[in-house]
Amino acid sequence: MEFNFSEDQELLQQTVRDFLEGECTAEHVRQLWNTETGRSAEFWAKLAEIGVPALLVPEEAGGLGMDERDLVLVLEETGRAALAEPVISTAAVAAPLLRELAQSGKPGLAEKWLGRIAEGAAIVAVGHGQSPFVSDAHVADLLLLAHADEIHAVEPGSVDLTAEKSNDGSQRIFSVDWTPVGETRVAEGELGRELQAASFDRGALACAAQQLGVGQRLIEMAVLYASQRTQFGVAIGTFQAIKHRLANAKVKVEYSRSVVYRAANSVALHLPTRSVDVSMAKLTASEAATFAAKEALQVYGAIGYTYEEDLHIWMKRAWSLDLAFGTGAWHRERVAGAVVDSALPAESFGYSAPTA
Amino acid sequence: MEFNFSEDQELLQQTVRDFLEGECTAEHVRQLWNTETGRSAEFWAKLAEIGVPALLVPEEAGGLGMDERDLVLVLEETGRAALAEPVISTAAVAAPLLRELAQSGKPGLAEKWLGRIAEGAAIVAVGHGQSPFVSDAHVADLLLLAHADEIHAVEPGSVDLTAEKSNDGSQRIFSVDWTPVGETRVAEGELGRELQAASFDRGALACAAQQLGVGQRLIEMAVLYASQRTQFGVAIGTFQAIKHRLANAKVKVEYSRSVVYRAANSVALHLPTRSVDVSMAKLTASEAATFAAKEALQVYGAIGYTYEEDLHIWMKRAWSLDLAFGTGAWHRERVAGAVVDSALPAESFGYSAPTA
Amino acid sequence: MDLTYTLEQQAFRKEARAWLEANVPTEPLPSFDTKEGFDAHCDWEKKLNEGGWAMVPWPVEYGGRGADLLEWLIFEEEYYRAGAPGRVNQNGIFLLGPTIMEYGTPEQRARFLPKMASSEEVWAQGWSEPNAGSDMANIQATAIREGNEYVINGQKTWASRGAYAHWLFGMFRTDPDSKRHHGLTFILAPMDAPGVTVRPIEKISGKPAFAEVFFDDARVPAENRLGEEGQGWSVAMATAGFERGLMLRSPARFQNTARKLVDLYRKTLQSGAAIDPALRGRVTQCWMAAEAYTLNTYQTVSKLLAGGKIGAEASLNKIFWSELDIEMHETALALLGERAELKPGSPAAQGVGDWLDGYIFALAGPIYAGTNEIQRNIIAERILGLPRK
Amino acid sequence: MDLTYTLEQQAFRKEARAWLEANVPTEPLPSFDTKEGFDAHCDWEKKLNEGGWAMVPWPVEYGGRGADLLEWLIFEEEYYRAGAPGRVNQNGIFLLGPTIMEYGTPEQRARFLPKMASSEEVWAQGWSEPNAGSDMANIQATAIREGNEYVINGQKTWASRGAYAHWLFGMFRTDPDSKRHHGLTFILAPMDAPGVTVRPIEKISGKPAFAEVFFDDARVPAENRLGEEGQGWSVAMATAGFERGLMLRSPARFQNTARKLVDLYRKTLQSGAAIDPALRGRVTQCWMAAEAYTLNTYQTVSKLLAGGKIGAEASLNKIFWSELDIEMHETALALLGERAELKPGSPAAQGVGDWLDGYIFALAGPIYAGTNEIQRNIIAERILGLPRK
């Protein structure tokens, strides 16, 4: 039993953090909001240089062959930086899905795409049944779309996109009009359902990991502001009302951290508790981040309510991640199904462990 | 449109308050907790002297012929004083029920009991379908019990009582074992249902009115304590964390006040919105009082957690009134039935008023 | 206690309803945070004024209807019920108007009130400065008397309607050596005076909602002073009292939102979408809270009409409505699921995007007009009597 | 990261489970807040000690099992799973024991630890005084050195287990001219010494739970001092750190409650009783929070085993478990409806009264061991770095 990350994992996290702190500034994010695609091919190439899209690509396909336990800390950093690139769809969901398709006897698609993903030369968008929208469809070189119990690999030319306007300028979502045909079908039946479920859980886990970073960053911003802003002749951070708000936010963020890390482990190892563990992670981390957003806004006061202050960039990330890959209510209901509806006692970490 | 109480109504409230402040001290309540019945015939006689049980008894039966708009302020005071006498069952519910039975052609029962109630010479317990327990059954001279769509007037000798132990020392509740027979039946069918419903709403309104007083008193106690108790060299009431807790409790109590008064008006005038108005009152006032209890305890700290400090007398009142005459969830569901389930828009005070 | 309307009140309601039904625009006006919308709202105010419904609570002599507070409540109920446009001239009607009636000279009343009533002149608030937010007494903008003029320097911020308004009111430090709430004077300043620069501030939705106003040796005549020199704090406190109190947040506003929320719940249920079972109770609770707010307002109004006063109680009010407004919108967004993030114009939004807009608007509630932290301090100290220090 | 147990850990769990299954009393013991229950619990501690399971995390040399923190977690899981009695000797095992190991002389270790392990001597906490609660440094009780003794005067309060315990530990002011956390000394005092008077304090349930302890020229030998004279604050802070941290509130306690809550929900549903639809989500949320607490603890323990330290993080812990404990019990009471007010012995209660008892116990959570307000200050200042003043 060992709940620590390895030095290598922490080093990778630090590398990504250093890179994003230098390059993915609030100003950078704002600039992207004002571009047509909201995405930067140049930035994606830099992310590929430090290996982000290659993380879950097998080594034999030119990737780093890591798993979600390595990825989770990286994703946390992308949340912290409010990164606006398709890291969830391409790096966290599409890469392992293509790997699994290859394992199940469809190597062609993986051969074609995995290497390019690892190099940063291809972006893949992913559609799933829990949301009517597909993120990043406008910049995708390939779309992996769910339809009933099937997965289809669809070329961008054969879909019609309608851009929806998200409150989060980093979120580019589309209604996708397409017709499933036999040639695009890459999985169906039991396999299709399994891969859909695994992909959805990977996406939800990725959102949860980003929310950790978003929540932590919101608290840090509010702490900094409260330490500098004075009213009544003192820094507002000396007021108990301010202190206690941020302390409560910190409790929530810290108590979602281990839940997210455990879910990463469950996904990486395909544990039977994977879906429930992911739902707990998504729900808990999202509640923490949206709570932190609300408290941070109240700490900032009027200035936090303005477009020119950066706070809203992270607030809106917290809100949009909360809705992506299953809302909180949806995930709570999934946990309830396993915990409350089951005839058997739920699995409690440690407590339910069998003896040897 | 006039939402003020009359000078007479306020004078009556003040009279009751003065009396209870002098006689119904925390010490008095504690003493009663340690007696077998938990009730004082002597005290009940004094309440009768200032007219409390006579309030809703018609003048021709020796009462004061008032209605719930007069009673509501009196009940608020009984909550404020944590009075432990059967004022809800006898004065607020049984008296008007007997009056209505007389109006519907059963004058005998009213003739026998109403005058004695007004004089303080009779205590009547009331059983209703929302609770398995009957309060004050052990000291009752008469029990008015619901059974299906019937109401029965039962002599104490013909029921078996099992004393249940309430967390609230002022609450004396009993499981009542009895057999409904023809001779005890005083209402049935449509009339029985109507009278049961009206009685239940009167009881719930009475609890709500008491909760107003309980909530206000809890806040006052906590304010007093926080103004006197020093830590770190200052009164703890100077800390924002303490101030904001009690400010929040005050908001809740004040915003339940008009809701309760409106419900009193609806009950007094048999308005069609009566049941929904009462449910809103019971729920809102109970939430405010139980919230105030929790905040007051946290303000007191350890001392508030002791039996020898008086705080728990009111905390326990808030909790037991919360459960009496329908739990919060039950009342919320009743409002939901009218507001959410109905095909028609809900009646909103003022907003929905028709033009002449 | 008599919770029925008099015949006169019923007649008043009938008249208001008839006029509104005949005159309220059938299509929603564009947001008054745009120039186009600002002008359209001014036109609507003009129409209201011509119909005699612009300044309902003002005395007849100033162009009002002389309505008492209960009639005002009735008018607001009808106004929201009719879905009429937001009031671009709110600062004038509810804040500055009553203040000028109380503190203004006869000349000031004659000069300012009629054009306020017709919305020919729309007013911006100038309460806040960058370092005078919650700490309202920390004002640094100065107005130095020179002959028959005040020379104004400094900066105001969060001026609502500031982007397009014609006039601004606020406190300025006329005694540069004074501290805190001493030495302040309440001044009315035209926004087109030389030396006045307006910079709109966008709220998080990206729409302009406030403005910063910079004064650089701007000169206003001494007769634009409201009340005595150095008495600005008292004048402002009266004005702020109007704002914190019931005048700006009429119960009908929240009842209207609550009813829309109930409607959204029913429609979502009918659509067959999965709904978190907890939302049934939350929707009900929101509806009840809007009713509680209404009943409390009616009781307060009855008390005022009977000669009572409202003081720190306004702080209870502020906390209650601002938290309710957020809760109603959060509940609505929870009902919308994935569509909750769509902006109003988004193809798949089909009208639901107004809830997001409303949510962002509601989020300002606990911040402006005195943060809820300040209100809690006021409740604790002035109503509950907890020690200050 | 490897979230599986080693073979050794699995063997340890198996051994603990087997011993507990064979030895845990089949009937619940009476409350240790009664004399009868206290003695019964001491007997149970004796049995635990004989089985080698009393002082699991203590080193073998002091009668423990030398278990590391992970094994301790496993033992606690098995302990709660088996429904074993509450630990009457908690103050000794988790607070004073480790403190004596760290600060005690060899003689003190030999004198106190074995009898603590066997529960022959049960310890009361003497942290608080009437005017030193949250303000822990405001201690006024004195211990004045006279020759080879300290003469103690003053009063301690909220001494848990104080009614029947044999010994008390706490801080006393050895320098009467000192202020705040200076001049304090950590002293071990026998409760049967002349001049010591114990007055039990009943909690709101009417059951004694704490005691006031009065010292009137009570004399204790100087060798009962733990650590140096005047260094009491540092010793106490180490002890308090143990308390705020994970040692007293093992995750299994909350997982156990959460599982009972799920069970209550299922049974209530099966009984056909009407259930507030919001409770399904609340029960689920409670279960998740207990899991979150557990996972957080495992991660913290992994960090500690890898040589990390736990400091102010213990304050996060305190807030989380105390609020969770209340929420779980409130959810249970909401499920019980009208029966929620029944005490355990009430005829209609049929066992559900334990939830009420548990709720009253839980209500103390945000108060004792440093109120949650104090913990929030600590988090804000020491973890987040917000300014003190």
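Worth pointing out:
Residue numbering begins at 1 within each chain, and the chains themselves are lettered A, B, C and D in the order written.
Throughout what follows, a residue touches a chain if its C-beta (ideal position, glycine included) is under 8 Å from a C-beta of that chain, and two chains touch if they have at least 3 such contacts.
Source: prediction; values computed, not measured.
Of all chains, B has its CA centroid at the greatest distance from the CA centroid of subunit A. Here B-D and B-C were compared by C-beta pairs in contact; the pair with more is B-C. Measuring from the averaged C-alpha position of subunit A to that of subunit D gives a distance of 39 Å.
With each centre defined as the average position of its C-alpha atoms, the distance from subunit C to subunit D rounds to 53 Å.
For subunit A, the set of residues that touch two or more other chains comprises 239-242, 244, 329, 332. Shown for subunit D are the residues that touch two or more other chains, namely 276, 278, 280-281, 373, 376.
On the subunit D side of its complex with subunit A, the touching residues are 1-7, 9-11, 13-14, 17, 70, 73-74, 77, 80-81, 251-252, 255-256, 258-259, 262, 265-266, 280-281, 283-285, 287-296, 298-299, 301-303, 306, 313, 316, 319-320, 373, 375-377, 379-381, 383-389.
Interface residues of subunit C, counted against subunit A in their complex, comprise 128, 131, 133-135, 138, 157-158, 201-206, 210, 274-276, 278-279, 334, 337-343, 345-349, 356, 363-364, 366-368, 371-373, 376.
Across the interface of their complex, subunit A is touched by residues 239-241, 244 of subunit B.
Subunit A makes touch with subunit D in their complex at residues 1-6, 69, 219, 223, 226-227, 234-235, 237-238, 240, 242-244, 246-248, 250-251, 254-259, 261-262, 265, 280, 283-284, 329, 332, 335-336, 339-340, 345-346, 348-351, 353, 355-356. Against subunit D, in their complex, subunit C makes its touches with residues 276-278, 280-282.
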